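The structure appears below as structure tokens.
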Amino acid sequence: MIEQLRRTVCDLHAELVRNNLVAWTAGNVSGRLPGGDLFVIKPSGVSYDDLTPESMVVCDLDGKPVEEGLAPSSDTAAHAYVYRHMPEVNGVVHTHSTYASAWAARGEAIPCVLTAMADEFGGEIPVGPFALIGGDDIGRGVVETLAGHRSPAVLMRNHGVFSIGASPKAAVKAAVMCEDVARTVHVARQLGEPVPIAQADVDSLYDRYQNVYGQRSSR
Amino acid sequence: MIEQLRRTVCDLHAELVRNNLVAWTAGNVSGRLPGGDLFVIKPSGVSYDDLTPESMVVCDLDGKPVEEGLAPSSDTAAHAYVYRHMPEVNGVVHTHSTYASAWAARGEAIPCVLTAMADEFGGEIPVGPFALIGGDDIGRGVVETLAGHRSPAVLMRNHGVFSIGASPKAAVKAAVMCEDVARTVHVARQLGEPVPIAQADVDSLYDRYQNVYGQRSSR
Amino acid sequence: MIEQLRRTVCDLHAELVRNNLVAWTAGNVSGRLPGGDLFVIKPSGVSYDDLTPESMVVCDLDGKPVEEGLAPSSDTAAHAYVYRHMPEVNGVVHTHSTYASAWAARGEAIPCVLTAMADEFGGEIPVGPFALIGGDDIGRGVVETLAGHRSPAVLMRNHGVFSIGASPKAAVKAAVMCEDVARTVHVARQLGEPVPIAQADVDSLYDRYQNVYGQRSSR
Amino acid sequence: MIEQLRRTVCDLHAELVRNNLVAWTAGNVSGRLPGGDLFVIKPSGVSYDDLTPESMVVCDLDGKPVEEGLAPSSDTAAHAYVYRHMPEVNGVVHTHSTYASAWAARGEAIPCVLTAMADEFGGEIPVGPFALIGGDDIGRGVVETLAGHRSPAVLMRNHGVFSIGASPKAAVKAAVMCEDVARTVHVARQLGEPVPIAQADVDSLYDRYQNVYGQRSSR
């Protein structure tokens, strides 16, 4: 099981590259086995081209590696904090994707003015606090912000995006969609104000997407 | 014949990816056999990499699958509505491409200030109404908006683009060109006002392009 | 000789794609043999993926194909006009590349505020007149505008770019660099005014680049 | 040793292409052996696709090739000046990457409003003087500007970026990250003012990143 998770987490990093969410080594994916007390995360500072399932780092829920090997991502403490406090979450992604990070640099939530955003995020994408790396501050900021929102993504101020999901793939999807809507709403706002979507319509779209979209067996 | 159409529709999804019109699984192509009462469309929520001719879903003109198998795109009802009401249309494409969707978020038509736009769209690219997914509202919005225009593409408000064509490939071409001109006119407007093109010149360009461009046999 | 030119012109279209200068089939390259009275150009409406040396169309200097086969690009008359009136030119490229076409839509020349622009263009990139396709108007606009400039590229109003060179490759280079500087100057202008470069410095850079850069044998 | 450096420098040019930092042949990487008096640099005007380890040019610290062969990059004098005056530097990269060059065209430093920027650059990315190619002016401008900054990258006014590192790979990383933050801060500024990061936080982030990030052995 953990071997399969190593491969899944390794392979999902290619989606970060393919969707232009990362520069150099600045972005990472982690996953845990549902209900488990271990998670798998990218090693620190290793190029995406050089990642292999074996190089992934297995950590306990305090973010400590459970084996000798490469050092885990410098963002590991934040991932661990999320897993400790959000039992339904089994995937976490962190990126500095351009448009989402630009909203984060201004400390501005992305307003829900696209049906695709209502579908995936159920409303605005919120802003979390400024927090320094190296302790629980980033993880706490992620958890406290997402606790009050439907959104599976949070813009950490002056920093970047954290996204969560019931699986690592779902968290990657949220990261991809976050950048996509961050860019589209940015572009819309450059030449005027987008038309708001009524809250009842946002609610209706979110409800339908969460319950009807996709193949029933693969959700 | 339907097998060839499955392959054509499947392969055209790669053009959506190659032209950067889609993120994750958010875009779809359909096609029907000229004069027929069946159309072929993308399955819902399946990655573009995983599409095969066999996974395409064959539907009747009410948007109901005619075989056991994968569920069709959640946009199937809109495609079906278009086919029922526009007999000359044999291809429909839906995307959330960035620049076109940004115009759609503001509810603003794209003005015809490029000769390439006069060629392909014959004037502005119009805006259709806001409509919720799940019934005939989106399809009706597409058909009613395009009925009064030369344009094979419509910007559905707060949503994205629907494009049509005499073939699935023609509809994909309209989707590609729509995003291309949406981006160029956006960029032009960022630093000032584009120069208008006289209506007589738009008419002349449109007429010529529709009747002279390309290889006669392949049009 | 003409067979080698067919291959060269065919292959250079891949550079248009690789450098993101074209959408769908909207861009073309031509080349003539130095001192000759024939030129080779893209067939009309054919996808870049489907181009072969054999599918290139050989035309005389009136733009008439000299053999049975595919119809030449709808821009052939403009290429032919350039060859007839600029004997030193052996390569012509036409694109609707995004940023250059955006300047063209506003009818605004690109100011020379980058050393790379001074190197390649020797000053601003000028704007040519609005002209309808189908006669000599576009070609005449290109020739008359470039006659008074160092620039090997011209922004045709509301249309796109024509670039010229002593070889087809040089014309493609000019098209690539035109879009590159059009984008950089656009981005610079979005947040303020670029610093001007003194004319004497522009002259010095242009002179040096035209005479010193590159491998002597390959210029 | 020098053969391995030829290969390293050759291969790193592919990173410039992959990260969209260069158009046509306009960008170059050099490297020297630590403590040595030779460096390896791109040949002038050669396409990135055609580069081979053998085609790289070995120069002395005055920028003169030490063997017969291709002419070195027209920016060689600037690289050589940096190596002569910064003994700790063993890699230099020069590009005209779009967003960084846009800040350079306005002569405006990039403010440090992203944690990733505090990590890598330790503060703003500074602007160096306008300088003509062909002598020591560019190199001197690079060295004098970087002398007073933590930043491994400098925006040369109206020109582009020079970045430095303890190895060629580190200099390429700085070039990639410079464009990445140049773009993100540009996008942030388009719709308002980014929130500043307190100087103490910038200092803390810079210190941690320089000393903790990555695999200890591979830094």
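The first chain written gets the first letter, and so on, giving A, B, C and D; residue counts start at 1 in each chain.
The working rule: a contact is a pair of C-beta atoms (placed from the backbone, for glycine too) under 8 Å apart; a residue touches a chain by one contact, two chains touch by 3 or more.
A quick map from chain label to UniProt name: A, B, C, D = L-ribulose-5-phosphate 4-epimerase.
Just so we're clear, the structure is a prediction, and the values are computed from it rather than from any experiment.
Participant: What is the set of chains touching both chain A and chain C?
Facilitator: Under the touch definition, chain A and chain C have B, D as mutual neighbours.
Participant: Over half shared numbers or under half: where do the identical copies chain B and chain C land at their interface, same or different?
Facilitator: Chain B vs chain C: different; shared/all numbers falls short of half.
Participant: Averaging only over C-alpha atoms, locate the centres of chain B and chain D and give their separation in whole Å.
Facilitator: The computed centroid separation for chain B versus chain D comes out at 44 Å.
Participant: Between chain A and chain D, what is the separation of their C-alpha centroids in Å?
Facilitator: 31
Participant: Spell out, as numbers or ranges, the residues of chain C touching 2 or more other chains.
Facilitator: Where chain C meets two or more other chains at a single residue, that happens at 190.
Participant: So in the complex, which bits of chain D are touching chain A?
Facilitator: It is residues 19, 113-116, 173, 176-177, 179-180, 183-185, 187-188, 190-195, 197, 201, 204-205, 208, 212-216, 218-219 of chain D that touch chain A.
Participant: Give the list of chain C residues in touch with chain B in this complex.
Facilitator: 23-24, 26, 43-46, 70-71, 74, 96, 98-99, 101-103, 105-108, 130, 132-134, 157-160, 186, 189-190
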